[in-house]
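Look for chain A in each of the two complexes below; its partner is chain B in the first and chain C in the second.
After this line comes the complex of A and B, so read on.
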């Protein structure tokens, strides 16, 4: 028996009450595309599953005061079909489109992808580069905001405890003249874990041909998705040029320390991959449009 | 073990069935309702042989908790056509020889039906993306993709 009870709740309040009642023996389930397998393989154990995936108050994608807000039970298919995201936040639309297969995307949710905390989860890599935050409800009635940079503790381990907490919303700010892109390498285009995922978000100053802001998230090169701080600093240090992108990619190469992996290749190969894909993804990102106040189109270096 | 009552709509009929709380939708369809069209391939949501439509969307039923389906609308291959009156997608798969061993076929056909309900004339790339969660080990996909195009043409002629 993988679990004893399966409860589909009608309200958020009901979900939190059940978690409180069972004191650690119940946990939330969203799409379950990862969790069902983990329970079957006894990697996780639980008595009661509380299904929150159909709650309409957790399913939305909206823009408010320069921020994008996403309900945690929004499915990958819904994200991948969002004109708002394709227009303004390409990296997240691309990430959602890369998850599993259509069958998995129709069921799996962005909230589930985050709480499950796999080291290279597609939407997580994008959301780290977007400097996103999550809103979490605690079962004592309190609420807290956690930035993505503090959310992940290790492989499969996030700060959110699904036996007592509910991830409600993901939000991030749109940047002026935002450029973004996801670089993804996998053995095939569907149903394959990424060998490398790179999420890049830039804010450009076209007048001066420089970047206002640069964020690069790479995974898996460590137990949790990693921001490439040195590479980001390099990108801000001078005017945009091909040499600048090459130096930043070199800085990402220096910072990456992936282990030898039967699935993903050896350390030397994976480091080189970080360099090449950082460069390529920077180029692709610069050629996109997005964010707020972007009228003049792409820039080239 | 305490059984739970699961109610949903299955192939346009209201169904009520007593299920184990940790059963998957595929278990219930195959074991309790004798609908063996959906196949257990990998059992891990990788191959798509167990695909059914839930509220019109393809879903891997082998990793879908049965009780999650409460109140939803489920379609299986059994609900699509009859031997005397095939659904246009079934007919196209037969006409184009897009079937070899047949194990992946129910999933392929249901995924195609969902695609064509959304997009009446998909490009080859759109067909490939739509079918990317359905694996076939025999045909090499050429005939399957062709059958989807033929089905689209035939449906548009109706």
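After this line comes the complex of A and C, so read on.
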């Protein structure tokens, strides 16, 4: 058997109590779409599983004071079906729609996706570009807020310890004139792990034809999802133009350092894709706002 | 979402067309591979067929029922097929080598003809006309010379019941081949299928991705006993051919297969399937049941060739190794002195 005890809890408090009691031998399970495979392949070991899928207080998507707040147990399907996300944060809606397969999206949660900490995880890339923060409960009763930039320590390694901590909520701020897009490259059109995932979030200054803010997250080009800081700086440095986008893409190309991979391709090929896809995703992001092409106010580049 | 294949903002795409043709022998190469069948017509004019033929999803059970129904002049829905039960059905060989429509089809047709002989004999007696003059169609036996001379199949079966005659037939068929000698010479197949496929592709010269826009597949099947099933074979084969050309690859690392799961040994999903236009060509095969031969494997064969040719037409570069992946495309575009003048100068 892959576990000794399987406990389904009815309250958050119950979950934290059990984690505290078992002192590292118990572990939270959400949808289980990653964890169960890992347990079966003996990549992870556990004595007790604490199932938190029955906690409705962890499933929500809401807008509050210019922020979007998402409960950690919200499934990818729920995110992908949210009119709020398609209208205001298209990059996250697109990301949630791309995860795995319909079956996985119905069961897998955004919280689980984050704690599983694969660098190119679709929602992770989008949330990194959104500068998201997470609220984490500790089993001593305390609570902390961790920015996304500090969450990922390595491939499969998140700062959150699922034997003692519970990821409760993900939140991020909406930006003025926000434009976003997810650029995804894979070896076929569905059911394929990404060769490249690029999440781009922009805040546009229409009057002066430049950007207030620019965030580009690219993966997998490192053990953790990577924000392209040089490229972002370039994009803020002057007025928008095709040449500016090309410069930013070149900066992303320079910063990317993916290894030679038999499954994903060699370094030169993967770097080239970073350059091409950064440019294309920037153009797409500028041309759309939410789910609607914004003809009247579109930025000419 | 920007799926980089989507047309629009800034892709550098090149289109090309290519053709692949093939011919393929039907049946086991140079070896005997017979099929047998039993057919029984019952009092209520329904029919039972026994055949060893295993339907693996291509629709052989349907086709064999159609052949018997056509031969015996009854409705397809009145045919029962007992198939692939080694306890009771006669040997019909393997379902492979694109052979079942041709060989088991012939066996069932012959078995139905054998049962029909009893019906004709009884009919000739009752109608007082020679057997050669009779035709069995729509549950009715008619004289070809005088259509008014007729008797229903029901009546014939009743008369048979009266005098204790059973309407049972058996048949078997083996294609005429000659084993290959030590120089590889002989007659390996009794008949061949022919096909040509035309493919149109679009290549993204910046990401190397290939989109198959259209496939037109013309296949000579002798006679399409079930046209929809033939189209199904052609479409399925073409999609598999597309996967063979662009996706399927066993990836080794130090002798170990690192993509041994269907999550990373890739074949096309429904979203990757191109538009396949099937053209059924019927060049009657005289040795086949109602002129039919085979299409199972032929459907797969020309596609990869057509795709490779189409990519060559689009880019001016030949690929001799499958799968043709985006990485290989980009590498070739770089090394060939084929500098695409339109390519963005990064």
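Some observations on this one:
Following the convention adopted for this analysis, the second predicted complex is superposed on the first by the 293 of 301 C-alpha atoms of A that agree within 3 Å, B and C clash if a C-alpha of one lies under 4 Å from a C-alpha of the other, contacts with A are read in each partner's own complex, and residues count from 1 in each chain.
In this text, a residue touches a chain if its C-beta (ideal position, glycine included) is under 8 Å from a C-beta of that chain, and two chains touch if they have at least 3 such contacts.
Just so it is clear, the structure is predicted and the values come from calculations on it, not from any experiment.
Of the two partner chains placed by superposition, A:236 touches none, neither chain B nor chain C.
When the two complexes are overlaid on their common chain A, residue A:106 makes contact with chain B while staying clear of chain C. When the shared chain is aligned, chain C comes close enough to touch A:94, but chain B does not.
Once the two structures are overlaid, the count of chain A residues touched is higher for C than for its counterpart among chain B and chain C.
Once chain A of one complex is fitted onto chain A of the other, the partner contacts of A:33 are limited to chain B, with no touch recorded for chain C. Within the superposed three-chain model, A:246 lies in touch with chain C and out of touch with chain B [touch as defined at top]. Once chain A of one complex is fitted onto chain A of the other, the partner contacts of A:222 are absent, as it touches neither chain B nor chain C. Of the two partner chains placed by the overlay, only chain B lies in contact with A:5; chain C stays clear of it. In the superposition on chain A, contact is made by A:191 with both chain B and chain C. Touching of chain A by both chain B and chain C, each in its own complex, is seen for residues 189-191. Within the complex, the chain A residues that touch chain C are 94, 97-98, 181-185, 187-193, 246, 249-250, 253, 262-263, 265-266, 269, 272-273, 275-277, 279-281, 283-284, 287. Within the complex, the chain B residues that touch chain A are 1, 4, 21-22, 24, 44-46, 48, 51, 54, 57-60, 63-65, 67-68, 70, 111, 129-130, 132-133. Interface residues of chain A facing chain B in the complex, by the touch rule stated above, are 1-6, 8, 29, 32-33, 36-37, 49, 51, 53, 77, 100-104, 106-107, 189-191.
For chain C in complex with chain A, the touching residues are 1-5, 8-11, 206-209, 247, 251-253, 258-259, 263-264, 266, 268-272, 325-327, 330-331, 344, 346.
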